[in-house]
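The first chain written gets the first letter, and so on, giving A, B, C, D and E; residue counts start at 1 in each chain.
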Amino acid sequence: MNPLVPQVATIQAIREETPDVRTFTVRPDDGRFPPYRPGQCAMLSLFGVGESMISITSAWSPETALEFSVKRAGRVTSALHQAEPGHKVGVRGPYGNSFPVDRWVGGNLLFVGGGIGLAPLRSVINHCLGRRAEFGRVDIVYGARSPRDLCFRQELFETWPSVAGVGVQVTVDAADAEWRGPVALVPPFLEGLKPEAAGTVAVTCGPPVMIRYTLQALGRLGFPDDRVFTTLELKMQCGVGKCGRCSIGSKYVCIDGPVFSGAELKQLPAEY
Amino acid sequence: MTAQPRLVGFACRWCSYAGADLAGTSRLEYPASVHLIRVPCSGRVDPAFVIRAFQRGADGVLVAGCHPGDCHYASGNLFARRRFALVKRFLEYLGLEPERFRLEWISAAEGRRFAEVIREMTADLERLGPNRKLREDP
Amino acid sequence: MPRIGAFICHCGLNIAATVDVERVAARARAIPGVVHAETYKYFCSQPGQEKIAEAIRSSRLDGVVVAACSPSMHEATFREAAALAGLNPYLVQIANIREQCSWVHSDRETATVKAAALVAAMVAKVRRDQPLEPIRLPVNPRALVIGGGVAGMQAAWDIAEAGHAVVVVEREPNLGGRMAQLSETFPTLDCASCILTPRTAEVARHPRIELLTWSEVREVSGYVGNFSVKIARRPAFVDWDRCIGCMLCQDKCPAPAPIAFEHGMGMGKAIGVSFPQAVPNRPVIRREYCRRFQGRKCQVCAKVCPVGAVDFEQAESCREEKVGAIVVATGFDVMPAAHFGEYGYGEYPDVIDSLAFERLNSSSGPTGGVIRRPSDGRIPREVVFIQCAGSRDPDRGKPYCSKICCMYTAKHAFLYRQKVPDGQAYVFYMDIRAGGKGYEEFVQRTVEQAGAMYLRGRVARVYPEDGRLLVEGVDTLAGTKVEVAADLVVLATAVLPREGARDLARTLKIAADEHGFYSEAHPKLRPVETMTRGIFLAGAAQAPRDIAETVAQASAAAAKALGLLTRGELAADPLVAEVDEARCSGCLVCRHVCPYQAIEPRELAARKVASVNPGLCQGCGACAAICRSGAMGLHGFSDKQVLAEVGAICL
Amino acid sequence: MTDHQAALRDIAAKLLGGGQVATFIGFRAGLDPSRPVPHFVRDASGAGALVINPFCGAGLARHVLEALEDGPVGILVRGCDGLGLERLIADGRVTRERLHLVAVACRGAVDPARARAILGRIPERAEVDAQSVALIAGEERRSVPRDSCLLGRCLSCVDPSPRLADTWLGEPLPSGQRDFEAVTRMERQPAEARYAFWSRQFQRCIRCYACRNVCPACSCRSCSLDDPELQERATGLADQFGFHFTRAYHVAGRCVACGECQRACPMKVPLSLLNEKFLKDIRDLFGVADPHRPSATEPLACYRPDDLESCRGEAR
Amino acid sequence: MRLLPSERLAEFRECLAAGGRLYGPVEVDGIVRFEELGGRLPAIEPGNPANSLKSFLHPQTEVVFDFEGGYTDVALRVPGPPAAQAIFGVRPCDAVALERVSRVLLAEPFADESYRQRREMTAILTVACREAGPHCFCRSVGVSPADGRGSDVVLYPADDHYLLEAVTARGLSVLLSAGALLDPAGDEAARAACQSTPVPPVRGLEREDLPARLEAAPYHPHWEELARRCLGCGACTFLCPTCYCFAMFDTVRGTRGRRSRGWDSCQFKDYAMMAGGHDPLPTRASRIRRRFLHKLSRFPAVQGESACVGCGRCAAACPVGLHLAGVLSELEEVLR
């Protein structure tokens, strides 16, 4: 079977997260989508428009449909934002590596997200919370440009905080009238929280700039490179390591990534 | 009913499109081969439109505008005249039959002439048969 | 995804008889993005528009295609209907399946297929339409009137009376134009100046009217509501602010000068006014006749002037006026002598034209209203009037009828008989055109009371014989050759646009016909508007007409101008060009093809891009077509829209 | 030509040394002597690398666009480069004031591949004159006709000398008139033969955009050929016809006939034969004497009220 | 080993043609390129045809699938399997290049199905080189003029005959099908001759430490120098037998549509530009550097061998002489 040919799937529900982020619930018409691990992506496409690599924000289970949180940016994602439940999409995957969750067992987890970057984290957070007993303390630090740009509000403010041993800290770059919470960029905000590095794995995802400064911050906080993880995003055409688009050095983000440890990142040329 | 040639026409809204309307109000019958696309002025017609029509399966293309001197915008049709004089020759240079592309001046008062041009051109295209040149595979 | 509604109109049986509208609707429904398709008897009717509005609301439409009659019929109707239902009116497109389908094809099958294709094309187009807002243009409430004749004065007066400031530009030193040269007016024979002088005074006095005489329009830029006009005032060599109008200068000036006003019948002075009642009552020095300017040392005027207003150093001055509307009332000229060799016009002093005859008639004229022939000042016993001199003569003159000649010739014959009771007037004519209130009756009076002899036919030639002029012609009714020995021959020469009318047309960017008369936007429905928004026409500048019509038209032009000026701002069609600055390379080839100078370069960061003035742009799309990169777009007719239409048609 | 090399290096060094220009564009030796490459000298000391000889085949005009970002540019110009720069200036992409043109008359450049084929080895030197070309390698010196080894773009050249110049190397040569003889030959072919010919040519095209990227008349910031809605990415024959029509039409009346597109085409698509058709018709229809020499207004951006209506009636 | 007398070449061609479409290098309009052979014999000249072998296995554009329907219903149709084809007159370097490309496109778990099917339906008959072409430098990148990798059959030319060697099972069956034309052969002279064909070396290409040297100087100013000269066209990449980058695009005709894939070039601006506007390869220099590093350092790092096979096409094609061999010798200087 040609890996470039997608499964036809149907949009079942659309949830508006923010003015420019929507979460699509998608179920393949043949009902089967291979099991996927937290951090993996899939090629989501509109027929006649094109494809876009999107991280899967849902945590896999046999019955739940796929969820994708999509930020309106280019041609495909803009068209997706015009789509309605019942519309057909193409989906192929899952692609890429995933967060090495099993290697984290027994440790504390620190998730640092920015903006739409919470999408890939959400799948791993929910995956880990599904295995709550296997981990120590779980801290979630999340920030967005403004209160209206915060994704997954329900989980942020209700679901996750209600889980034992889970702390959620939310900040915004710029407040609005209602906002009572902290106002700060994520990296300094994180440093201010002084999370305990010892025995903790840090996972971060967000805009390139935010990732860069967060990694530096984590370094200063004493997190060793091999216990810091992030995901990279590059333009992709095939998603299966053929089209050449997403190569960084001798790696292809689509198959060798998107998850990289801080140590691996240091090995890559700065072409991302 | 036999399959008719497909004739795509670009008509300036002030003269030729109105001329076609007049043909209508005068109930002058002409072949249904032609489908007009309304443009503000023959000077608006980019040769890319003509090429696209041939690519997508038009058997002929007509660009129609006001008579020289009568352009609602003073000069649009005079630019069009130069542009399509070249384009027509170039298309022939590429091997297209001359009858497949025409630039015509049709005023708002020339409903009869519009019908006449369509009849003529349709007859030419029927004689030539379907166009395959420049055309993508259906 | 787009949510487009397609509405297929039966137009009674006009469409439905030839096109299977239900099938067209079904085809439309099959187009991706079309979420609603229905047919109805008459969508243009109130209930029809209601249906569209209802569908827009209930199906949350973001695009509407109405398949019906030509967009020239009801595009506006349906756009308004959509707007009322909350849909941007520019998201409505019309598929013309009546004029261009059902009315011209009889085969139901082919017509139906074509109609469906036309609908598909419009669906493809409307999908790529953007919501647009009309362009709001501020309107400068002032008006400019070009020409200070009876037309210009009437227009200026009406506009000023309505409360708007008006600038009147007149090429001559004073107001009045042609009418001021006339003696009496037909058919009532009131004296022209008796009617005109009070009106002239009113205009001159009016607080909201500014007179710029001895001046010319040099440059016009801008657009409707926002014209900027450069006006040059020729040097009068008299400081009009100082001048008290005593005219001592004129009395004492030793240099005679033929002044245009007397039309060759009388002389004026190198300094002075054209006629006694001139408004403004201020003199000008005509360089070409002034001794001082001819290098001789005459200073008479300067010496006699009690207020030292004479200023030989005065130079041309230029000023700029900002106005919202322009009324063009530049009037007419008559055909020059050169055309009439066979009549000896210009050769024999006693062959004159009608305007000259008006001066001979005028009590304020050179002869004090006594009709004397130019050669020897004798009172002519026989006068021959030749009509259609240059008019209705496609070969040698003008093809058109000058319209006023029949009447003023009758008037001349009548007045002549009044002043020379034993004189005999002959009138050579082609036809008598006396359409107008009391006109025909007046011609009859001329024949019956004034005993003028009307001879139907053309005059072959006029030649002198012992002090008189022999007029050879044919009486085509009698079929006989006629020969009249006359003391004076008066030619009803053809009416022409004012000299320089074409240049002014270019300056104003308005159209003129082959003869130089300004073209109206529509001969029936927009007779006083030009194709250029904000510029209106009054009087003989547009075509030959008499005073009554001229004044009526002047008021009409004023009303049109007021319709514009009374609005604080006006809305222009947003279907204009717009530059995608990110793509523009700044080659500005678009600038060369823009007929409206609407494109200007704009500095953007370190580079130059084209930018369109939406006020000037008329949406012709020449720029969009010549732009290679596709940076220049045209709202409503973008490359992508037209290409999509092509694609849809060719499916 | 070659004998101007010392002078060229001298001038370049002065311009760079004196700070009048930030970059000097010329040629330097390539991997083999018959293949010099465009070179960008950044400081006076580098001027010694400049070469000038009959193997200098590439056009230089298009390179000023990038180079100007670093400041004023000095550039070696032959007739073709000069016209190319005139085009870029007319298009408002380049300002004359920021250029220093070192002009040289050119009798034509040798096509290294053809020369090698003739000699059977890489030529080391060449001498080009109005009649013939001498190819030299080691002891061997072979004199051959111009049309056997010059670049196609040089064989049809009528502008050996640039019209713009700030400094001259040697004397200008007189310019000539284009004859469009190749176009005329093509026009004489039957329609079917022409279509077959162009189909064959366009089918070869690999859409590498070299033709566009070397073209001094194709300097748009964003090219319609990159817009998938205006030019789909597919490469079927219809797409290829569309692509080549658009490329040729977009330079119609603007092409300076430098022939760079054809030289650059790795598939030898005869692009000049397309450009020249437009040039010929512009000359014949609009009476533009030298349509390839940039003028104040492009032939398609102006009109005469009495232009002939060539499209009318013909189809009957 | 079999022997084919030169005079039987035409018959041999016929029997290849019997197996499906047959392509080979021929001169058309003054340019030698792979075309359908028809009645012609392959033009076996030193060097390579203008277009590379990849055109037949990884075409310029190909259909991924067609679709039909609207927003709420869509049906996909994938194209049927490719027809059998043979390419006769390939140069060893081209075949080796194919083998390199296969390492990527056939890599599991996501093997490129259409490429795999094409490869299986394609017989590649290579003619070893007795003479180097104007731009050849295969030896500098570890490829020999008699290299059999990637070929199905290799023909070693001798004065009046060819020595035929089947490299793969597919090759063997080709030889069997042509058995009647072939004589048994013992002598290996032809092969030896080809193996010892001289190919001028390119300075710096053979260096063991080349990858290290390149990676060590990623921002060397010479990359900028190259960028000034480069026109940013895709000639080098599209003609390169080992460049496999492609892009996917959709085209629509009413309710029917098509998703296709087509060659793309890392030398084009926007090649890596992301929807958000972020571009990891924003400058021409960065794109050129990417290309050379990929060929000479990064691909080898993963695949153990260079992604350049020394075919010399970039040298023949580049309008400004900015080709791998040339650039390498330039770098050799500036990196010293």
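Rule of thumb we're sticking to: contacts are C-beta pairs under 8 Å (C-beta built on N, C-alpha and C of every residue); 3 or more make two chains touch, one makes a residue touch a chain.
Keep in mind the model is a prediction, meaning the values are calculated, not measured.
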(request) Identify the chains in contact with chain A as well as chain E, in label order. (result) C
(request) Look at the interfaces C-E and B-D and say which one is made up of more C-beta pairs in contact. (result) B-D
(request) Find the chain most remote from chain A, comparing centres computed as mean CA coordinates. (result) C
(request) Find the most central chain, measuring centrality by the gap between its CA centroid and the centroid of all protein CA atoms shown. (result) B
(message) So the centre of each chain is just the mean of its C-alpha atoms; given that, what is the distance between chain A and chain D in Å?
(response) 51
(message) On a C-alpha centroid basis, what's the spacing between chain A and chain C, in Å?
(response) 70
(request) Return the distance between the CA-based centres of chain D and chain E, expressed in whole Å. (result) 30
(request) Quick one: which residues in chain D touch 2 or more of the other chains? (result) 224, 230, 236, 300-301
(message) Touching at least two other chains at once: which residues of chain C meet that condition?
(response) 1, 593, 626, 639, 643, 647, 651
(message) If a residue has to touch 2 or more other chains to count, which residues of chain E qualify?
(response) 71, 247, 249, 253
(request) Mind listing each pair of touching chains for me? (result) A-C, A-E, B-C, B-D, C-D, C-E, D-E
(message) For the complex, give me every residue of chain D touching chain E.
(response) 23, 30-31, 35-40, 58, 62-63, 66-67, 113, 116, 122, 200-201, 204, 206-210, 212-214, 226, 228, 232-236, 260, 263-264, 266-268, 270
(message) Under the stated contact criterion, what part of chain C meets chain B in this complex?
(response) 70-72, 96, 98-101, 103-107, 109-111, 113-114, 117-118, 121, 511, 531, 575, 593, 595, 618-622, 624-626, 634, 637, 639, 642-643, 645-647, 649-651
(request) Using the touch definition up top, name the residues of chain E that touch chain C in the complex. (result) 70-71, 253-255
(message) Give the list of chain C residues in touch with chain D in this complex.
(response) 582-589, 592-593, 608, 626, 628-631, 639-640, 643
(request) Could you please specify the touching residues of chain D with respect to chain B in the complex? (result) 186-187, 191-199, 224, 230, 236-239, 241-242, 245-246, 248-249, 252, 274, 277-278, 281-282, 285-286, 299-301, 303, 305, 307-312, 314-316
